[in-house]
Amino acid sequence: MNNIIEMVEIGRRFDRSWVLAHMNLTIKKGESVALFGANGSGKSTLLKILATLLSPTTGRFQIFGKNPEKEKSFIRRHLRLLGHDKQLYGSLTPLENLRLAARIRGLDYNDKIFESLLGQLQILPFKDQPIGELSEGTKKKLVLAKLLLGDPELILMDEPYPALDKSGREILGHLIHEWRHEGKTLIIASHDHEETIKHVDRVLTLQGGMISS
Amino acid sequence: MKSKVILIFLILFFAFAQYWGLVRAPADRMMGDVYRILFVHVPAAWNALLLLTVSFVGCLLYLLRRKEFWDRLAHSSMEIGLVLTGLVLPLGSLWAKPTWGVWWTWDPRLTTTMILFILYAGVLILRQLIDDPVRRAKISSAVGLLIYLNVPIVYLSVRWWRSLHQLQSSPSTMDPQMVLALRLNAFALLGLAVFFLVQRMRLLKREALIEEKESLPPPLPRGAQS
Amino acid sequence: MTLFFQQTVAILSKDFLMEYRDRSRLLSTLLFGLLLLLLFSFALSVDPALMRKMAPGLFWLTLFFASTLSLEHSFQKEREEGRWEGLLILGIDPRALFLGKLLGNLLFISLLQLFLLPLMAVLYDIQLSWTLGTVLVLGSLGLSTLGTFYSALTASLREGQFLLPLLLYPMLVPLLLASVKVTELVLARDLFGQQVAWLKLLIVFDIIFLLGSLLTAEFLIDR
């Protein structure tokens, strides 16, 4: 199984408009791919379809060689999505948020592991404060910490840079470097071409829901 | 064209059945001519229940098979079943006023019918609020399933709560002409209901086709990779 | 402990913690319940004998109306900040999410009952007894099962919140009738065991809808 993603003629329609069309895409294991394109060009939709959160209107695709209609839970267990939404609970602390995510993922971690994760992202001092009281940059770092739970093979990132402060960007750059070293597959959708291009093997540009060369 | 012929035939048959009920069947010894409203009330009730059962089957098979056909069947039969249920209530009231002296009683069948009407109207409103056809089909099938499971429980609970309804007359105590008229009317209404069901399903299928056609994926631009 | 139960407990304890930290919802629901009890007696009668007779019905109606607020919130809070999708992408079993929410709602409704009962006893002058416990548990189980089901449903729609009572209340008719009847019979010290049939009906209702909604929860919760 060399190809981690195989998409054939994937299209997605919302009401009457096609946000994504004629998407033919193959991504090999260990590849790192940038997804560029203007707002509304279909980047987020493509990532959501890959994450099995949205079903395509046309076409078929496989992830890890599995059919997403039938083996949704397998696919979800092996990928991670860094989306627009932070998906955090404001009245819980960073530690509690991580604990919840780990328990749902079925990981049997103790607090030591969570604390070392928080330390890695330089937000350990905030571990017992409700998230609602923390700064955006800190929250975003916590979202990155959630990405590190478990051992995903495929990591999808939708606009990871905005809201990250300088140290956050450095940490993310470091993480991406490590992931690539470990042979994980990455897809990064971003407007920040300069920052992204440093980390990828190839660039796909979306225009009007299609890949333009 | 063909469907028009069928419709005319069905209307004629319905008129004939009504004629039988209004003229040929004898007046009731106790209730006089008032009882004749049963020739529309009872067939409407039977057919309403039948159609709602069909919609239950549609919901169940949709969830098992995921074919749009079953969702269209569930949707159409629910709509027609709801119209019939809506007919049953005022028709029953028209009969109840001269017979029992009241428009409404808290009788189990009456009350259950009223609750059914609200439940199924709720599902049809729900359908309006979901844009994505697949999600709409899944959700309304799940709800349709639960509602139908509730019908016997609602009926039983209201019956235990209190009861006053005319017990069903068994055919043996009725004049044979009355029985015949009732059966004719039941089949005439069934014919009309099935006709509308088929038409409604066709319409839904065409709507889906039109939407699909109007919104084909945009063509590939020249020079784009494929 | 299997993953399914681990997820269920995770959701339950998370919701418990959230409601505990932000107690305003629980407090306002309790006050709303108290207010309803008052309003009912203003609107209906000052005759103590009559109020005692109507107490069971008023109790269950109050419970229905007051719990609707928190039922609606139960899935609505997952819609903010993409939390719902966040749970799905972590690989949660939709039924575990459903069951966790159900247990949370059951807990919440039980608290509401514990608060309302003594108030009822004082305001409407009725005598409480331990046998009442059975019907309270069975009734609130059915209420939270269907309540959670329709909460998941209406929260997944863009503008569906107003539908919750419309869809939920007619489904609860048998539950209301049975619970009110049993409560009446218990308060009247029913010696002839009439309530057994009603209790059986409640049990059947609870089982059917618990199974039915667990089996179909996936269609509401997952995309």
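Worth a mention:
Going in written order, the chains are labelled A, B and C, and every chain counts its residues from 1.
Following the convention adopted for this analysis, contacts are C-beta pairs under 8 Å (C-beta built on N, C-alpha and C of every residue); 3 or more make two chains touch, one makes a residue touch a chain.
These numbers were taken from a predicted model, which means no experiment stands behind them.
The chain pair with more C-beta contacts between its two chains, of A-C and A-B, is A-C.
Comparing chain C-alpha centroids with the centroid of the full set of protein C-alpha atoms picks out C as the closest. In whole angstrom, the spacing between the mean C-alpha positions of subunit B and subunit C is 32. Mean C-alpha position of subunit A lies 38 Å from that of subunit C. Our note on geometry: subunit A versus subunit B, Cα centroid distance of 49 Å, whole angstroms. Shared interface positions of subunit A, defined as residues touching 2 or more other chains, are 55.
Listed for subunit C are residues 223, each touching two or more other chains. The touching residues of subunit C, when paired with subunit A in their complex, are 3, 6-7, 9-11, 14, 17-18, 21-22, 81-83, 85-93, 222-223. The touching residues of subunit A, when paired with subunit B in their complex, are 11, 13-18, 21-22, 24, 55, 58, 208-213. By the touch rule above, subunit B contacts subunit C in their complex via residues 63, 115, 118-119, 122, 125-126, 129-130, 135, 138-139, 141-143, 145-147, 149-150, 153-154, 156-158, 160-161. Those residues of subunit B that touch subunit A in the complex are listed here as 131, 134, 211, 214-215, 217-218, 220-221, 223-226. Subunit C makes touch with subunit B in their complex at residues 146, 149, 153, 156-160, 163, 166-167, 170-171, 173-174, 177-178, 181, 197-198, 201, 204-205, 208-209, 212-213, 216, 219-220, 223.
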